[in-house]
Every structure is written in structure tokens, then in C-alpha cells.
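The structures considered in this document are given below.
Next come two complexes built around subunit A: one with subunit B, the other with subunit C.
Then we have the complex of A and B:
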């Protein structure tokens, strides 16, 4: 009986094409998110040092940061073989998450490298 | 306005770099010390059991569509029925976590250890910075800021004519305190002591997480879960795939 009702509802469902099933593992996604966080932090630290040594000031440095993060996003998307939904549940995960978290590290290391290389 | 201050290179060598290095090293030290102090207490069996039940219920909810609806209903009944369901919490039996915490000295002790390992180094470092490095213009941030930031960045210098982008040593300490979090998470791994500040903040809101409340929330969630068996759809899907392979 139960099986019948189940198949009946599926008949209805399958008529509107392949349905989107939520088939991903939350733990795996957590680990993917962690990887994103690490790579963003790492790149923002390295990027901060690079920006400081190159002597960027003012808006230029922040534009550098935005470009760097965009580059990271592209890299992550390429790493995910351009099929984001296999690894994450939305595009925001790849494009936006961790953007502000890295900013503080970026500013700190930017200042540090800039001071050492240019101010003194 | 003073256009460009000339900073002595000795400030770089004896203030800026030592301060930053010390901040990093103290972070590492704190991580190690808190690891040493962490006592492995045996958790209360009731709390563990409730946590596991919640986990199982959550798994059931997540995988609900992969079992037949009869099986799902049986499991739902097992978790949610009003007499002896696993998720059913009788009224008045809910434990008060606050009271429990006070009755259990171990928990309070652990809390205090954590607090101390966080506050003591912070205070010591701040006192150290204040004592040795007060009043230095230690750094210059490479972007302009408005006057509002003066109190934040030039803590310890009482000059209103210096450009705001110059940073005093005390403020450099604060900048380090916040900005090094990312570095710590890289070099110490996810579970580092520095992140305790964040965890503390979270705990401050929902101090003492109430497991019985979690159970009833999970019960409600399970109650409203709609069952829709996915397997027949999979057959259609497989049929499509096979057809595509053949053709």
C-alpha cells in the first residue's frame, strides 16, 4: 500500500523532468568550506606582503585585494572543475565566503611589509 | 599637518618587528598551554545519549527520501510518539543546565581554566607593550583614514597634528591581536586556542546549551518532514540514462 502511494507521487514528480535531489554530504561540504577558508586566508596573507613590498597605497591596495580574491574564486572554480554544485550548495560559497575574514589579515600584513620596505 | 614623519630605523628593528614576533609566539604558546591544561573529562552519559539521539533523528530527516514511506513512518513513530518516543521529553523532567553546571564543579573548573588561559597572557602582553613601547609611532598604514580613527590608531600618542595613518605601538598591538587570527588558524590548525574568543562570544549568548530543548526542536522538525520516496524517480532517471547510452 505504502509503496503504491509512493510510486503514485513519483509519477507526478517525474513528469516535470529530472528533479533536484538533495544528495550531498554535509560533512564533506564542511571540509570543502574549510579548504576555501584556508586558501583565502593564505592568499590574503601572501597578497598583503606582496602589496606591501610593491608599495601600494590607498585605494590601489584594496583593488589589489579584490582582484586577488576574484583570482582565488576563479582558481577554486577551476579546482572544482567548473561544476560548483557538485561540491557546494551555492555560488556564494565560492565567490563571497571568507572575503571579509581575510581582509583583516591582508591589511595587517600589507601594513607590516609596507612599513618595513618603504617607511623606514 | 606634519607631512612626513621620519621614523628611525631603530624603531623598526626594536619595536615593530619584536612586537609582531612576540604576538605570534605568544599565540603559539597559548595554544600549547591550553592544550596542556585541557582536561579530558568523562562526559555525562545522559547528555551523550541525548546528543546521539538528536544526531540520529537529524540523519533520518536528511535521508528520509531514500527509504520507503512505511519504513519512514515506523521510524518517525519510534522517535516522536507521545509515550516513549526517543525525542519525547516529559514535562518537568527537563534538566536545567544552569543548575547542573553549578552542581558540577568540574565544568566550572574547566571554564575557569579556559578563561584564565585567555585573559592572563592578554593582560601580560598588554602590560608589557605599555611598559616598553608606550608612545612610539611604530607604523604607518598605507591608506588614508578619517579623523574618527585617531583614537583607535593613535592610542597612547596625545598629538592631534600627526596624520591619522600613523599608528602608535599600542594600537599596533591591537591590530596584531585581531589580524593574526587568520595566521594562527593556518599555523595551528582549526582547533586553536585563539579561536576561543569567538567560541566564548557564542557561548555568552546561549550559555549552557539545553539538550532537552534541542530534542523537542528536533521532534518538531521530524514531525513536519514530508516524506517523498526518491527511489521510483531514480528508476526513471536510470531509464533515461540507459536510453541515452543505447541511442
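Then we have the complex of A and C:
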């Protein structure tokens, strides 16, 4: 029977509370979190460009961002084939993590695109 | 699969750039007629929507698949056993030593 390795390819980590699995493969979990982060950042940038071209100003742009992130959450849940617990330890990871992380990129590209399309 | 999704994403970005260029042209047209800018023309809105959809699909596909975190699923089996320091096997001349079965710990 294989012994417990210190630096094996699958490190186990146990936690309780939100997690229903007692141990899970933390390396894959981190890889999944990175995937979500990349998706959200890229979509924040694209959303910023679209909001700038459409000429949104003020509150409309932020509402657009919230809608975009909501659609991203739905898309991520669909990508995980609706069985979140196979890939993550809790629903919060998919729904709430990184929601505001892309806001800065969104505003940057929003002002960028608005300037290019409407001012110059 | 990643390359196809990447090209779809780049194509979506190109559509967005084209929509931006169309909007700039539309604004210069508005300057001539001295109208106000309320919204981009309808086909630009459609173009933006299509570009957003393509980039949305590419953003979900390019970063890679989700990996299962169940410790007992089939794709998570520990297969790197020989790389583990505890279990390396060397073939050396120590095998010709006779096996001593009554070794005692000296202290």
C-alpha cells in the first residue's frame, strides 16, 4: 500500500463547514480557481470595450458589468456541467469569488474604448 | 481545441474593433449633420452582441477544462510512484552481500 508522500502529485487537504467532501485534491482545486480567474478577467476586459463603444456612462456601465458577471457565473456553472461539487468545494467559489476582481480592468478598458470611440 | 477557441476569441475581438471603427465613422457623420449621439446604429449593436458572444464562448473554453477534485475518481489515481523518494529502486552491487537477519541496533 502506498505510503503518504510529502510532495506527491495530489496533496490532500481536509476542511469542514462548507465542504461536504472531507478531503479533496487541492492541486486540481487551485487549477480550477485559476481557470475561473482567467475567464472572468478576459470577459471583464471585453465587456469594458463593449461598454465603451456603446457609449454607456455612469451607472449604466456598472449595471452592465454586474449583468456580465452574472452571465459569466451561469456560463461557468454550465461548464462544470451543473455538478459543482465534482470540481469545487463550495458554490461560493463559482458565484462570488472574483466578482469584483475584474472591476478595475473593466473600468480601465471602458474609459479606453469610450475615449477612442467618442472623444478622439 | 484550445487553438480553435483561441481563433474564435481573436475573431470576436476583431469584430469588436470593426464595430468601434464603424462607431467612429458614424460619429463623424453625426458631426456633419450636427445631430446628437444617442446610440450606435443598429447593425453596430448587433455586431457588438455577436462579438461579445464569440468572446464569451472563447473565454470559457480557452483556459482549459475543470479537473475533478474527488480523491477517489478514476482520473486522480496516484501514478507517479517511482518519482517518489520513498520508493526509488536502484540496481547496485549491494545485492551480492549476504543477507544478515540478526542485525542489532548499536547504541
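FYI, the second predicted complex is superposed on the first by the 98 of 120 C-alpha atoms of A that agree within 3 Å, B and C clash if a C-alpha of one lies under 4 Å from a C-alpha of the other, contacts with A are read in each partner's own complex, and residues count from 1 in each chain.
Here is the rule we go by: contacts are C-beta pairs under 8 Å (C-beta built on N, C-alpha and C of every residue); 3 or more make two chains touch, one makes a residue touch a chain.
Bear in mind the structure is a predicted one, so any value in this text is a computation, not a measurement.
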item	value
Touching partner for A:31 - first (subunit B), second (subunit C), both, neither	second
First (subunit B), second (subunit C), both or neither touched by A:56	first
Touching partner for A:115 - first (subunit B), second (subunit C), both, neither	first
Which superposed partner A:39 touches (first subunit B, second subunit C, both, neither)	second
Partner chain(s) touched by A:101 [first = subunit B, second = subunit C, both, neither]	first
Touched partner set for A:91, first subunit B, second subunit C, both or neither	neither
Subunit C-contacting residues of subunit A that also contact subunit B	2-3, 5, 9-10, 21, 26, 34, 38, 42, 55, 116
Subunit A partner contacts - residues on subunit B that touch it in the complex	7-9, 11-12, 16-17, 20, 62, 65, 68-70, 73, 139-144, 167, 175-176, 178-183, 185-186, 190, 228-233, 236-237, 240
Touching residues on subunit C, where the partner in the complex is subunit A	9, 12-13, 16, 19-20, 23-24, 27, 37, 39-40, 44-45, 48, 51-52, 55-56, 58-60, 62-71, 76, 78, 80-81, 84, 86-87
Interface residues, subunit A side, partner subunit B - complex	2-3, 5-7, 9-11, 13-14, 18-19, 21-22, 26, 34, 37-38, 41-42, 44-45, 52, 55-59, 61-62, 101-102, 104-105, 107-112, 114-116, 119-120
Subunit A - residues contacting subunit C, complex	2-3, 5, 8-10, 12, 21, 23-26, 28-29, 31-32, 34-35, 38-39, 42-43, 46-47, 49-50, 53-55, 71-72, 75-76, 79-80, 86-89, 113, 116-118
